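First comes the structure, then the notes that go with it.
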Amino acid sequence: MCNCANGNIDKLIPQLAVITDIRTDTPDVKTFRVVGVDGKINFDHKPGQCAMLTLPGIGEAMFSITSSPTNTEYKEFSIKRCGTLTDALHSVEVGQQIGIRGPYGKPFPVDTEFKGKNLLFIGGGIGIAPLRSVINYARDNRDDYGKIDVLYGSRSKEDLVDYEEMTNEWVKSRDFDLHLTIDREQEGWDGHVGFVPNYLKELKFDTNRIAIICGPPIMIKFCLAALIEMGFDKTQVYTTLELKMKCGIGKCGRCNIGSKYVCKDGPVFRCDELDEIPNEY
Amino acid sequence: MQVNSEFKPKIVAFCCNWCSYAGADLAGSSRLSYPADVKIIKVPCSCRVNPLFVLRAFEKGADGVIICGCHPGDCHYSTGNYYARRRMTLLFSMLDYLGIEKGRTRVEWVSAAEGVKFSTVMNNFVSKIYQLGENVKLGDLRCRK
Amino acid sequence: MQEVIKKRVKELFDNNTIVRAIGWENGEFFYDHTPAVFDSAADMDVFVYDNFCASNLSKYLINHCAPEGKTLVLLKPCDTYSFNQLLTEHRINKDNIYIIGIGCDGMVDIDKIRALGIKGITKITQNGDELVIDTMYGEKKCKKADVLLEKCLSCKGKKHMIYDELISENEDEMPQDASKRFDLVNELENMTSEERFAFWQNELSKCIRCNACRNICPACSCRKCVFDNSASGVASKANADSFEEKMFHIIRAFHVAGRCTDCGECTRVCPQGIPLHLLNRKFIKDINTLYGEYQAGETADQRGPLTDYTQQDVEPTFISDKEVK
Amino acid sequence: MQKIKLENINELLQSMAQIGKVYAPIEKAGQVNYYEWNKDAKLRLDVLNTVKSAKDVFFPQTEDLASFKTEGKEISIQAEKPLDEDFAVFGVRACDVKSFDILDKVFIEENTDEFYKARREHGVVISHACNEPEETCFCTTFGIDASAPKGDIETYTVGDTLYWLPVTDKGKEYSAKLGNILEEADESQVNKQKETIKAIMDKLPLKDVTTQAFGAGKTMEYFDRPEWKELSEACIGCGTCTYVCPTCQCYDIRDYDTGKSIERFRCWDSCMYSDFTMMAHGNPRKTQTERFRQRFMHKLVYFPDNNNGEFSCVGCGRCVAKCPISMNIVKVMKALGGK
Amino acid sequence: MQKIGVFVCWCGSNIAATVDVAEVVQAVKTQPGVAFATDYQYMCSEAGQSIIKNAIKEHDLTGIVVCSCSPRMHEATFRKTAQAAGLNPYMVEIANIREHCSWIHKDKNEATQKAIILANAAVAKVNLNAPLVQGESSVTKRALVIGGGIAGIQTALDIAEAGYEVDIVEKEPTIGGKMAQLDKTFPTLDCSACILTPKMVDVAANENITLYTYSEVEQVKGFVGNFSVTIKKKARYVKEDLCTGCGECMSKCPSKKGKDEFNCGLNNRTAINIPFAQAIPNVAYIDAEQCIKFKTGKCGLCEKTCSANAIDYNQKDEIIEREYGAIVMATGYEPIKLDKFDEYQYSKHPDVITSLELERIMNAAGPTGGTLLKMSDKEHPHSVTFIQCVGSRDISGRGKPYCSKICCMYTAKHAMLIRDKYPDVEVNVFYIDVRTPGKNFDEFYRRAVEEYGVNYIKGQVGKVYEKDGHLVVQAVDLIANKQLVLDTDMVVLATAIEPSKTARDLASMLTASIDTNDFITEAHPKLRPVESPTAGIFLSGVCQGPKDIPETVSQAGAAAAKVIGLLAKDKLLTNPCVAHSDELLCNGCSQCEKVCPYGAISYIDKEVNDHGVRETRRVAQVNEALCQGCGACTVTCPSGAMDLKGFTNRQIMAEVDAICK
């Protein structure tokens, strides 16, 4: 009966999981820790992949898995409140069961193109969510990668997701630099102030690295332009796309751009690949 | 007419806050009984009742829907029940046209002073629904499973 | 007529009265004309007006009465009712629109011709009351009256309710069969409740929820339909149960009650041939009998019957008190 | 090859129904669609195009996926089981038969959809050759031979007789179960008929419609063409073309609260709908032009891109006949490809 | 999702005897959103409220459901409780398990199951509740009194005395109303004019009072504290500020055919006219329909006569816009038309008159100079017959179903006055019942019978007819149980009174409810008798129900007190359960605007951002201060753009779903 990888009748059927921890990151972002009802979730993922979360009657939506695959105990999802399902998720308590299916999408090429390279992560707002999985994976496999820089910005200090983890754990990693910025001056903030693309230009990275951008479309656009200006080739830059999704397996048609399905062929794209598909995102 | 003894109808009564809900309160304080199958939803005015609500009730398994408001001319908002009267007249006529038993829907004007009328109206309506039996024509079968 | 219209529209382009025109353009076959937006006099070469221009163009104006320049629209008599209704509801701005009212002597339903067993049709010409049909298998003839579109069978008349100029030869002709408008509604009303239920169950269960009826309807002009709005609580997409199509069609008819001009587009476009106009006409008939004769879109400043009342209105009980058949 | 007199066709269907459900073109309230056959049904084998295509049988407009029950924080999930009984679909025209291949590529080749796959495995496709193609037909454009409709069993109407030719093993197995209701026949009549049909096909008005200009790798060539705006101008954004199309496969997944449980079901959706790609913060396809383009680009370019140049259209002509404003893939192909 | 607390009240045994409250508590705990549930004997008690407050704090509740008596009883209580615990008061819903459940059902299981469903429905609603905040609106410190009879005069004087501005709108050329037409008042028999006219003079003299006579209210917009009223001041053709009221014009006016309304049309008046000597304002007006100048263009005698140059034939109606914080209805009454009572010959015989006409005949300023005369031949009558309940307590449909209340007493007064002044006149009174509840009323009636020899006959008059030059009354004497045929010279009909014909139109302008008899409905028949259910509208005098003068004056004072209480406030809190339009969904079709009884919806062109598409659209806007929250607009809105806070589509459907589960 069970023909599917996830042990279910069909890929579209979620399996049961339970929320074991809820962390409030920012006023509108919470991170949920999810495990299978009988312990582990029976699918593995790679950094950058997503999963569909279900609250029955409210709906289903695709979220980036923010925990690293090196952590096999649980999966984490950092979720910003922005619609019906996310509203509902933000109001649940520990112990709430949910439906989960996945993994979906093409991961970051952590074991191929990224290997041995210097990595520059550029994130804005909730855009850090997909990056966190890669960053932690790279930290856990520290020897496989070169220098790691994380440039992360948000509206305000309160809106910096994973601030505790970044400042308490990430910075302790070898060859790791964290560059934080917030949009406007704020009391109690002595770090950098300014938009991410501008800070990126100020930091003047050399091109001997791979850049991974994730954040609001406008930020991605300007960061990409800045990187090109700095001499990066598009093949050195990765980003993720966000479109409406229903099935997660490239059939329902929503996330179709050109011949690509973001849920299946993305969400991770190398920037030169984006030139080959219509600008419909 | 065959009456199924097991049949417990679900009846939704939309009552306007100013007249009919108070009329139902008066029926209560006067201990004027009517069947427990009737469940009241308070709305500010009969004109708040959207045909969607009526159909929604049937969809989810209601066997009868009754709307109660102030007597024409006595609307707290002066004109609400006049609009409600036209809307419901047309809606009920359409349901009848589609072959839905017309006894399943009703509008009654019950004032705050008419506890007796409220009780009588509900007794009559419920007995009509018992006569008609289960609503099978206008419901989502998934809710009847 | 087609050439007269074409010439006049070109003139209006040339003297800069208008910057665009909405009409019909030639299709693959002689009968599949598509509504089109013409941007210049030269574009008008593919303009067509004949027995197969049934589509009501008034709804397109919602998106085409933008402030820059005037848009010309060609409206048949029945289309002008929809136009007026859209004006009433402030969905279009007359200042930016130039209406040519064009005459119409009824539009033809190609499916009705096919239903007569006439196949391989290549061309149709009108000769008085008769249609001469060229087919791959020789010439055939039929009475035009026998193959009119459903919506033309209860024509409201040849008079335009609103226009800037007219190109019409039969403006004062009165409809012949207006009295038959409610015949089918009456017929249904005279059935037993069970028969009616069976009739509608049969018809509505064919519905595929393609929304053609809604999207073509000039009265269904909501920016976002409740049935498409996931926040409305009643959104639905396909009929998972026989209830959903009933809900959709009852509510749709109710939402246009008192606003529907009976233009008949819903029935014309339904891919499953559901006589949707019989729902709208039921409301129209009830409104006429209960609240006085009302024709939506007759003028642009009427108060609709559902936003109006009299103290003496009939009580809803009159329905439940009607004799059970 | 076998045969049966058309006047006895109900006996044939009766025997078929004993093997499993039979879906066939049946008239209800004036329209012909695929419904389950029973002896009171009005079979319309003569009708060329059903309103909804035969895809409805394998990929139904709505189907349940799972049922959830919730209590407090707890949830239980009950998945629907894929179909587990044999059935047949009878009277499928060549174009619709071909559409199953296209759907198979979507639903089976990668990330298999178990519900669809189960139906395909259990379903016997009994095709029916076209005798009188209509002017809206352009299946030849996609290399489809309406006179040889393929499927598991091919059938032909010649005069007052239905000819029956099992093609695949599945078809032969099915035919074997029918016993001796069919009598043996030779192919001469059918072959003669095929020639006649071919002759008609050559005369069809849309016979010259060509896909030459389209195909894999042409995304950027066509994406920004100005014709899209003109072509889509009249489009009312309904789903008629999508829902009557035998190859459109977009779907939605929705939940329905019955009061006792949450039923998760899948239903057809249309890329022509304004809310199809709508997200909380914006819509990547803002106007009808983009949605219109998506549908035709998908059929003519994107799908070939992913499927060795195969088009996602079978030329059945349903959209040509049914579009409320008479805009269709033929007009699109001519407008874009002709220039 | 909310965190909801459910509190099930026993109401002593009122609920607990029929509903298993513990079972309700257990059942609701499984509902989505419910974080806490408990029961208690009296939730409305201090202790009960403490349970709620503590639970809100302890469990961090975002909403509560109280299963108790009707929300009409304690919704306000529990909202305050919630507020005290820091919860928005509109996150409270009441499941009415007493009036709608325990009190009407006997079977405990049945009642318990219903209570559970009602609780579930309330929970389902609260799950979708949103915190609502009451708005504030200002108060215009001025009152409008519609009607310048004794009710309006008294109300206006009391409000003005408290220091607030008040305007009186009176449709007649003078204030005074019906009381000014009366001769004497019961039961003291003091002169009506003598006690009324000083008050009229006070009105004129009071700086806080502005009088608009010969004026009508045309339109009312706004809401409590902020009414905007359009008043039409009809042209008098006499300049009010110049006219001295000398009356010269009246003596010269050649048109003398107008019916003198003040004297009930019993005599004629001139076209230019001052209704009566003590009129306030004491200013003439020209009846254009009677005036020869207006009819033919010739004449102009009054203009020539007027030494004050006050005549202005070109005067136009004046439209005045004024703002008010409160409006008092004091529109009074009229005797009913007697055209359906042909049996009494009222329209046919001049000696059949109404009681009000008799008042004028008895009055020294009346058509006969105060002498009781037959109107037919101006002869002294020898017999007068009174018929009671003409059109009152009538269930035939010709008259009014109610008792007009004042007739018994004024008839006793009339009978007594006639017998006092003309002892030779025989007075008979036909009555159904004599109703004399009131201070000194019954004593007064007994004096009429015992001291003045008025002949009271219990019975109904079948018909009145003329025979040989005098009137014949055919009646039944119910006590003697015999037919009576009585010759008489005059018949006086105690005609029923009905609310002024202007009341219904005014009520709809004011959105005040009105009953089938056209009396304005009070907010509560016992507890709020001088207020309309529509906030800011108050009732004074007979417009609310039949009353005599002392009752009218006391109600007028009460209404004034309520108005003063309102005007004394600087801010009013508004109902937050108002309509709201989602501008992204709004089509701008104006249907909602058409059904709004308060004119609360207007349309503006606004730039919106619809999922990334920026454009200017015509969208509906609700004035939250005007909106009263009826919801009529929500149903006209096909797209669902218009919704009602506190009763949203989703909330109501959630209740429906919960009930139909």
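By letter and in written order, the chains are A, B, C, D and E; residue numbering begins at 1 in each of them.
In this section, contacts are C-beta pairs under 8 Å (C-beta built on N, C-alpha and C of every residue); 3 or more make two chains touch, one makes a residue touch a chain.
For clarity, every value in this text was computed on a predicted model and none was experimentally measured.
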item	value
Leaving out subunit A, the still-touching groups	one piece
Identity of the most central chain, Cα criterion	B
Which of B-D and B-C has more C-beta pairs touching across its chains	B-C
Length of the line joining the C-alpha centres of subunit B and subunit C, rounded to whole Å	36
Mean-CA-position distance for subunit E and subunit C (Å)	49
Centroid spacing, where centroids are CA-atom means, of subunit A and subunit D in whole angstrom	39
Whole-Å gap separating subunit A and subunit E, where each centre is the average of the chain's CA atoms	67
Contacts with 2+ other chains: residues of subunit C	224, 226, 229-230, 234, 240, 306-308
Of all residues in subunit D, the ones touching two or more other chains	70, 252, 256-257, 259-260, 263, 269, 278-279, 281
Sequence positions of subunit E contacting 2 or more other chains	595, 636, 649, 653, 657, 660-661
Subunit B-touching residues of subunit C, taken from the complex the two chains share	185, 188-189, 193-201, 226, 234, 240-244, 246-247, 250-251, 253-254, 257, 279, 282-283, 286-287, 290-291, 305-311, 313-320, 322, 324
Residues on subunit E engaged by subunit B in the complex (per definition of touch)	70-72, 96, 98-101, 103-107, 110-111, 113-114, 117-118, 121, 507-508, 511-516, 521, 533-534, 577, 595, 597, 628-632, 634-636, 644, 647, 649, 652-653, 655-657, 659-661
Complex interface listing, subunit D residues touching subunit E	70-72, 257, 259-260, 278-279, 281-283, 286
Parts of subunit D lying in touch with subunit C, wherever the complex brings them together	28-31, 33, 51-52, 61-62, 132, 135, 203, 205-206, 230, 233-234, 236-240, 242-244, 252, 254, 256, 263, 265, 267-270, 273-275, 320, 322, 324-327, 330-331, 334
Footprint of subunit D on subunit E - complex, ascending	29-30, 32, 611-613, 657, 660-661
